[in-house]
Amino acid sequence: MPDGGLKDHCGVFGIAFHPEAAGITHHALYALQHRGQESAGIVASGEGGLEVHKGMGLVADVFDRSTLARLGQGTDLAVGHVRYSTYGASALANAQPLLVRYRSGPLALAHNGNLVNAAAVREELEGEGSIFQTSLDTEVVAHLVARLSDDGPEEALAASLARVRGGYALLALAGRKLIGVRDPNGIRPLALGRLGDAYLLASESCAFDAAGAEFVREVEPGEMVVVDRHGLRSTPALPPGRPAFCVFEFIYIARPDSDLQGMNVHAVRKELGRRLARNYPVEADIVTGVPDSSISAASGYAEEARIPYEMGLVKNRYIGRTFIQPHQEARDLGVTLKLNPLRKVIDGQRVVLVDDSIVRGTTSRHIVRLLREAGAREVHLRIASPPYRWPCYFGIDTSSRGELVAAVRDGEEVRRLVGADSLKHLSLEELVAGTGAGGCCLACFNGDYPVPVEGGGRLG
Amino acid sequence: MPDGGLKDHCGVFGIAFHPEAAGITHHALYALQHRGQESAGIVASGEGGLEVHKGMGLVADVFDRSTLARLGQGTDLAVGHVRYSTYGASALANAQPLLVRYRSGPLALAHNGNLVNAAAVREELEGEGSIFQTSLDTEVVAHLVARLSDDGPEEALAASLARVRGGYALLALAGRKLIGVRDPNGIRPLALGRLGDAYLLASESCAFDAAGAEFVREVEPGEMVVVDRHGLRSTPALPPGRPAFCVFEFIYIARPDSDLQGMNVHAVRKELGRRLARNYPVEADIVTGVPDSSISAASGYAEEARIPYEMGLVKNRYIGRTFIQPHQEARDLGVTLKLNPLRKVIDGQRVVLVDDSIVRGTTSRHIVRLLREAGAREVHLRIASPPYRWPCYFGIDTSSRGELVAAVRDGEEVRRLVGADSLKHLSLEELVAGTGAGGCCLACFNGDYPVPVEGGGRLG
Amino acid sequence: MPDGGLKDHCGVFGIAFHPEAAGITHHALYALQHRGQESAGIVASGEGGLEVHKGMGLVADVFDRSTLARLGQGTDLAVGHVRYSTYGASALANAQPLLVRYRSGPLALAHNGNLVNAAAVREELEGEGSIFQTSLDTEVVAHLVARLSDDGPEEALAASLARVRGGYALLALAGRKLIGVRDPNGIRPLALGRLGDAYLLASESCAFDAAGAEFVREVEPGEMVVVDRHGLRSTPALPPGRPAFCVFEFIYIARPDSDLQGMNVHAVRKELGRRLARNYPVEADIVTGVPDSSISAASGYAEEARIPYEMGLVKNRYIGRTFIQPHQEARDLGVTLKLNPLRKVIDGQRVVLVDDSIVRGTTSRHIVRLLREAGAREVHLRIASPPYRWPCYFGIDTSSRGELVAAVRDGEEVRRLVGADSLKHLSLEELVAGTGAGGCCLACFNGDYPVPVEGGGRLG
Amino acid sequence: MPDGGLKDHCGVFGIAFHPEAAGITHHALYALQHRGQESAGIVASGEGGLEVHKGMGLVADVFDRSTLARLGQGTDLAVGHVRYSTYGASALANAQPLLVRYRSGPLALAHNGNLVNAAAVREELEGEGSIFQTSLDTEVVAHLVARLSDDGPEEALAASLARVRGGYALLALAGRKLIGVRDPNGIRPLALGRLGDAYLLASESCAFDAAGAEFVREVEPGEMVVVDRHGLRSTPALPPGRPAFCVFEFIYIARPDSDLQGMNVHAVRKELGRRLARNYPVEADIVTGVPDSSISAASGYAEEARIPYEMGLVKNRYIGRTFIQPHQEARDLGVTLKLNPLRKVIDGQRVVLVDDSIVRGTTSRHIVRLLREAGAREVHLRIASPPYRWPCYFGIDTSSRGELVAAVRDGEEVRRLVGADSLKHLSLEELVAGTGAGGCCLACFNGDYPVPVEGGGRLG
């Protein structure tokens, strides 16, 4: 569990043409809610114009019946967005989709990912007299599109994206068209679905399930798909680069019921758990996982190791962004409220604790202590991914390298820090083998970035 | 999963004497939130008087920083409550704790359970000129206490409870005393905990974990515990009846990390799953459970049957009391949004689906259909409890017998209704064996009510 | 302007039988909003039962479209209430109408006024085992009615009110009847109106205007009016006492467009201003009043004195219960925000400042200073009522006598305190003459209470 | 009362340098609330950066204690805005101040008024690739400033404003400077104030009173004032045009306690009423005005005519943007709720009704009918301004000419429409005489626009 360290993912969804486009987008955002809980928004378009609604909070907080009725009235195209990060209290200005007006009319953009040269392009645009009203990379793209829009939105979007580098899934609603583009390396996920005659685009296939739609295929790296009244067209908008799908989608971000790169996420995680068991067996009484993201890997470990899988920790479903005031006697109450060990299950046992990753190490330390306080005789920590050593510049905010515990400490130091009896990470080779035929971005583990990131890049 | 059929449980918590009584109660209510999501309330008491706050919604909605500051200011006793049911829009009047003033001062009551003769006693009291401002059984108790209060609150409470019948865990804050009473049959759960010099009372032990406190023991059937400045006293307030702890706490209601009757709930559920596997084996490829309540039983089944346990269904954590408008193409979207099958896991497989219970049968039918649509070759439904045939009068609202599918249809009819290839329920004997040394109320399965319920009883 | 000193008035409204009873009550509460801004509530009744909604805040805050739709669905009787006072944060429990259930069914009570022996009766009832859930006098009445209800609600209400003393206008909705009672001295106002076949009861006639209804007459002191399916009946429920209509309704509380005791409130206030001018003339350049309550009296003074009436002070309409943080340079900013002097009008002038009353004196001091800072050469304060010397026990909370500046200081001291060049109060005789043929309660000016108040009486 | 016809005014406020800049701006916006009730916003700036908060609704709705604390933390410059109009539900995007980032850093703009060539300039900018995120004229200015910013914000602002035409008061917060500019004709008001060492800019002088500050002088037409760490500088940024201060500020918009063009607004209105009386006397019993805007003129008429001024109509202070559902019997209830005639005052009288203006005529018709229903024997309508015949393009949204009743009907037709016994408007000459030495824009009365408006101009 990446202890709050990985927080910049978002989710995007689009649909054209369907008489209930706005309502379906609303459903789909529920399914994508795990990708972003800080703000949500929908832009819907019909013959009569555009409707927009955005707000801070969960999808359930942002949309009510009357707002949905307004969005749905006479509209048949829609794009939606859920967003994770907040930058201060004025964050509403940064909620997506971004809606602007340019010479060719209104343009709505919904974006998941990060552009590594956004700051430079932005500076260039400012030098030419552009004004910015948000801190979104998306606004940079909007400016580029507006300046290049002579040949229509598709060409303008393609030309604009040729000027930026990074990992992204970008949806645009321009005129009566829905456009989707995936970055040349396919770093961020984007899939195509179908519901009757309508086409859908989504960050994850679970959104299609929520919409009652069928998964068709993934959008290819560098591909642009355009849905208009004539149907679906695909163009290779950008020359594809080295395939580099974000492996962390498999490890942590995506929902277990989504399929990515042709594989089910839960199945991949379970396979990683099996490989972990084969490589790092240990004599133990029970296997347990950190809910929810590590349950799949833990059950894989347990099956492979033929050690009973137990529910050693229960997660409180009702703790959201709540206000918790610790009292004296129980300093770690915040964690205890969220995650409670089952003393009767743990007491006296040798426990294999499976987690998906360690980022800063603080959460792992807390959980190991919880298990020991619950009577665990031994705690063997097994991590279903290699040590996380390099910051991500493609849509996951891991702050600075100094905060990555594996970047600054060796394995034994980390083991001592988290207080485990043993600590093993899945190797890079096993991760690659477990996530299918290569083609993943592994930069956070090996520093090999698929796109040059010199100059680094403010994440925004 | 009892498809909305079982909805009248509540959770209670109390603490005395602790300088952070209100804050700890707030934490504890988070831990008990699964017992009631419709309203929440805290009454806190100090030398200077009482503070109260109640509201509709989740604990996180009802309490904010400033309310908690006010409740915590100078107080050292507190009782809290979470409630499930709503009766119409004026439900706020029914939020607990109930706070009244009687001749001996203020009295706060928090109650989980149901009194089978509440309506009769209420009528009697009205006949004597009493007025009622809520539809709570608790208000009946408050009236009785006020009329019998000559000898102090403990005696009055004992005498009052002697006049009512039912299943309950009742907490009272009277003067500078915290009082807890459990019904003579021990139908509803109530446990005693300790945090330094302070004593705590809670519906489930997981609340003690959230409070950083230790579990001491369960309150005995008919026992009254009183905490005042002199410490803890216990009195046998009511002659204990036949032990009849609600077996449905084990099956569905309680949190897996709670301990009840000396056993861990998850461990009991897993054992029920094992017994189910031994009694009703089936040739299959995977075992899956309905999240969250049936996961323990499903993993027990899988282990015993040596069939891989798979995550066949994913539950959306963000669907609360949300507004869902189904669109034409996908009528079962509501269910799909909440519960999504993993097609890649399910497709082509023979699936053992483990659920904790069947009440009306509608949810089971939906889930079986979901699995078939996801490609399941066979679906074998295994229920970790016997057929639910009799309404409960002790705190679980199962409406009328006519709605209980097993009360009106035989096993083969139910199987056809839910659409499973086979359907097996755990036998009563196995349930008893799995939940320990008898002593449970099994009335919902065998109609043998521990307390006479003739005249039935409006549930309220 | 009674500087926050007079804050315990309320407004009541009732209607029977009208298909839009709830909607009309909603309108009427807007018209009565000046009588209470802290909470509002409506109980509506139809053949199918009762609906209730209460909340903290203004009518506009408490009721929305869907709440009104629910209240209006199938109902044809309604009572509504607006309330001024708050006692702490749990004030919602004290919002009216009070809705209870007793042996004869549901009973809703809405009450304006104060019972001087409420505490004693309450203690008596508690001694007999009654419980109280609010601190309202109204709850005392509800208990009495429930105990005396053998002969029907009217008789029970009459018998109950025979046991209490005070000033009140009380509306009850019992079964399919609307009942209104006014105290034996007619201290608090209550009027009868008509809209088609429906009858209405209201604290002030302006509520009838808002309802599009006609004023019929005032309810007599001690009279009970009952509206049921057979029409309107009147009974002398309580032997009338000495007529003692609250003169402060004329002076400050009522809306200028209401008629009370057969006279228009604005006209009475203007007449008081004229009398003030005749008795206490002064050489001056302009006359100005404190908005809004003193405008009528000031214009009367100006006309009589033949001195131009000027708008010397403007009141900010948007300052409600707002949060104002004074900064260093302007300590009196709170007052300045609410009331701004017109420098160009005031500068260099000799000003007659007319106000309706002085309670604590602090507001008068502020206003005189504002005028002087705006350049007033002289400020002559003229008060359209006698010195306020005795606390009220009949529905106006003036706290203790010690806070009444005229009770503890002589006229010259008060003049110096407020900083006026001269200060004159209307005499009691002139007040009596101006408000018509005697019959008013003048206790706040002369201590002659119409009902014995020994033992005083907690105001509640 | 311009019956909702005049709704596009706004209020602006700025202050530099004061340690409580944000809090003072909050106070000032309360004082300017009458200029705009749909949205409010503050941008505050300190050494550490900018804070912004904007929201829909009244100042009291938009700002709470914690927001103000955040805005006030370490800031000493601030600009604030209240806005009247809404264009659909996405209006939040149009709340001001507009905050953008351009090459020289952040820039906040707050604007009252309208640019007649905004659409053309906007189109031009879009043609050059600019994107727009609002429908505000202010955003046009921001784009121009960004493109011209080589020589610093003052020069850029001056150059930008040279490209637009219209009436405006514009405040900018750029870097550590507060800048204010008034349009070359001085159409919209802007005044300079002082509080200790700090300077303030505001639409009306009443904001200085609320801030505890002193009025210094009005900003001159075409003048730019700049406040930075070196103090206040003034530059003639734009060549002044023909003086054309909006006469409707005197007639209706401004608060009576504000001073404009060296005159007090109430005094001007009263003088207009006197002139109206001298020109159009009538035999009558009472004079009454439509609250609140016509009270001053009515009292002037009464004094001059020596007819008693009476409060003939009472305005309900609690009707805001409320939801009113008329019931059958009383169709005009909406108006009656807002404005109630005093029957006892009106009945049998010959009434002079003074109003400030007639725009569409519907409100006048309602009020005349109210007075007649209250028993008025005659109603003589006197309007303290000439017939409103021409749409305004400088910040007051009067929609189309067709809606202006005086543009399409002659005087006698209007009299019949509103149902008055006689109807007289103040002549243009008297208006000019009453509002001082010429120099006012009278376009709405005579069509003589101070700035060419061919092409008209969408108001936005």
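Letters A, B, C and D mark the chains in the order given here, with residues in each chain numbered from 1 onward.
One rule holds for everything that comes next: a residue touches a chain if its C-beta (ideal position, glycine included) is under 8 Å from a C-beta of that chain, and two chains touch if they have at least 3 such contacts.
Everything quoted here is computed from the prediction, not taken from an experiment.
Undergrad: Which chain's C-alpha centroid is most distant from that of subunit D?
TA: That would be chain B.
Undergrad: Averaged over CA atoms, how far is the centre of subunit C from the centre of subunit D? Could you give it in whole Å?
TA: 36
Undergrad: Approximately how many whole Å separate the CA-defined centres of subunit A and subunit D?
TA: Inter-chain centre distance comes to 48 Å.
Undergrad: Using mean C-alpha positions as chain centres, tell me how far subunit B is from subunit D in Å, no decimals.
TA: Their C-alpha centroids are separated by 60 Å.
Undergrad: Indicate the residues of subunit A shared as contacts by at least two other chains.
TA: There are none in subunit A.
Undergrad: Chains as vertices, touching pairs as edges: which of line, ring, star, complete or other describes this one?
TA: ring
Undergrad: Check the chains against each other and report every pair that touches.
TA: Chain-chain contacts present: A-B, A-D, B-C, C-D.
Undergrad: Spell out the residues on subunit A that touch subunit B in their complex, using ranges where they run on.
TA: 20, 23-24, 27, 30-31, 33-34, 37, 58-60, 63-65, 68, 195-196, 206, 209-212, 255-257, 259, 263-264, 266-267, 270, 292, 295-296, 299, 303, 308-311, 314, 316-320, 322-325, 327-330, 333, 336-337, 340-345
Undergrad: Using the touch definition up top, name the residues of subunit A that touch subunit D in the complex.
TA: For this pair, the touching residues of subunit A are 51-53, 67, 70, 89-90, 92-93, 98-103, 107, 123, 126-127, 129-133, 142-143, 146-149.
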